[in-house]
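This structure is in structure tokens; I'll ask about it shortly.
For clarity, chains are labelled A, B, C and D in written order, and residue numbers in each chain start from 1.
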Amino acid sequence: MNTQQIADFFRERDRLAVHLGIELLEVSEGRSVARMKITDCHLNGVDVGHGGAIFTLADLAFAACSNSHGTVAVAVNISISYLRPAREGDLLTATAEEVSMSPKISTCLITVTNQAGDKVALFQGMAYRKKDPLESVIA
Amino acid sequence: MNTQQIADFFRERDRLAVHLGIELLEVSEGRSVARMKITDCHLNGVDVGHGGAIFTLADLAFAACSNSHGTVAVAVNISISYLRPAREGDLLTATAEEVSMSPKISTCLITVTNQAGDKVALFQGMAYRKKDPLESVIA
Amino acid sequence: MNTQQIADFFRERDRLAVHLGIELLEVSEGRSVARMKITDCHLNGVDVGHGGAIFTLADLAFAACSNSHGTVAVAVNISISYLRPAREGDLLTATAEEVSMSPKISTCLITVTNQAGDKVALFQGMAYRKKDPLESVIA
Amino acid sequence: MNTQQIADFFRERDRLAVHLGIELLEVSEGRSVARMKITDCHLNGVDVGHGGAIFTLADLAFAACSNSHGTVAVAVNISISYLRPAREGDLLTATAEEVSMSPKISTCLITVTNQAGDKVALFQGMAYRKKDPLESVIA
């Protein structure tokens, strides 16, 4: 798979991203960008963007980035810091960069910003890299 | 608000939890339990339970637990480790315990298990405690 | 190596633990306990126990715990929350428990308490498990 | 205190940093750099640079960075990923950048590199900002 096919793989197959209206904008080796507009279904009990929605946006970018070499990588640990609340109507962009890659481990840093360019969250993810090509998942 | 009212607060107002079919089973001071059955909308690109769905389940338990004293607490940092994949049909339970509470900071540990009792994820969350009573959020 | 030999391995060979006066009290499969008394050399700029000293205490317990099966496991990610300051003279105990173990990954939770039993820090560690026996390290 | 005085504050008062041979090279608002050469006392049981030593190097840079505005900030949560082993003789540099600052919370990202410029560790730290000026600590 090339990175265009990898992007399509996630766009078509990631059911939670579809359910939450998350768009995967671009994928290249060791990099990806995803976007989500905060709507009513993304709010938490106190009417701000739910940590779980912001996490899922960043997590899709993380998955696309850590799988961008064409082999399956699975998330094992993530740390997320919330820097600023997101409000209904905000357009959030998650930009993932692979900071380090060994044969077994990929480490990515994902920054989530709002439409004003303010940082909303910082997400540090570690994935375990398998040897299986991504297409092997599709039976 | 007593803990029963706090539970109802989250059940009625947390839009993302409703959207993902997450049930808040119980809340007491410094403790809470939530549950989610993995269905198609919770899957990721490789057909296992999405990290974002499991995170959101644990995050609802975390919110209920860190807000269980009746004042608003907002998540500032979370670290989650994924221990075992969750499959479609699995029934996941998140149990939150407040490990430590100071006037400003609440630290909770949330364990997510499947129907067999196997640990699926471990979630360590830190929330900043405001002085505002939870009911002040509802205008 | 049995767990007694593993304990001795760390006691003799972990130079930083020796340099900081950290004692490894016990090791069994999936569990370990270490201890450190806060002295002047463990203080930070504002005269409380340094985050790095408390981290190192917990990290030794983590290493002993994740290596307790006799094969080498190396730390890949750790999240630590500081719950309460430690003062000069405090006696800190780090208790490690392996929460989950797969062929490749060990996840441990380490709780650091002071002499009054108050929780000082919570440390969640993930290690990558190699196949090499621990004794292979010693040439 | 200006940033020069803040740098001197940590150089003179951080006992653990002195004990481990960590140098604070520079501090400016929202930024700092520290350095440590890996010697025998920094090694772990398997003869590589101890996670606790690398953490402490990054933690000093974090403390200087989050305190660089002249008021006390205390670490509440840190996540560290280890990307590559450090060996005896390696010269490690930790560069801290404040990613976000609110009246209550400072979030910093610290990258640790070796003499070849390879990334050794990624450290994401969150500190609670008090109102006390740093000089108030010195009685």
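By definition in this document, contacts are C-beta pairs under 8 Å (C-beta built on N, C-alpha and C of every residue); 3 or more make two chains touch, one makes a residue touch a chain.
This one's a predicted model, so the numbers in the text were calculated from it and none came from an experiment.
Asks: Does the chain A and chain D pair touch with the same residues on each side or with different residues, judged by whether over half of the numbers are shared?
Replies: same
Asks: By mean C-alpha coordinates, which chain is most distant from chain B?
Replies: Result for the farthest chain: D.
Asks: Report which interface contains more C-beta contacts, comparing B-C against C-D.
Replies: Result: the pair with more contacts is C-D.
Asks: Using mean CA coordinates as chain centres, what's the gap between chain C and chain D in Å?
Replies: The mean C-alpha positions of chain C and chain D differ by 20 Å.
Asks: Using Cα averages as centroids, what's the distance between chain B and chain C in whole Å?
Replies: From the centre of chain B to the centre of chain C is 29 Å.
Asks: Out of chain C, which residues touch more than one other chain, so two or more?
Replies: Residues 76-77, 79, 81, 105, 126 of chain C touch two or more partner chains.
Asks: Would you tell me which residues of chain D are touching chain A in their complex?
Replies: 79, 81, 83-84, 99-100, 102, 105, 107, 109, 119, 122, 124, 126
Asks: Quick check on the complex: what are the chain C residues that touch chain A?
Replies: Against chain A, the touching part of chain C is residues 76-77, 79, 104-105, 126, 128.
Asks: Which positions of chain A touch chain B when the two form their complex?
Replies: The touching residues are 9-10, 13-17, 19-20, 40-47, 50-53, 55-56, 59-60, 63, 67, 72, 74-82, 85, 137.
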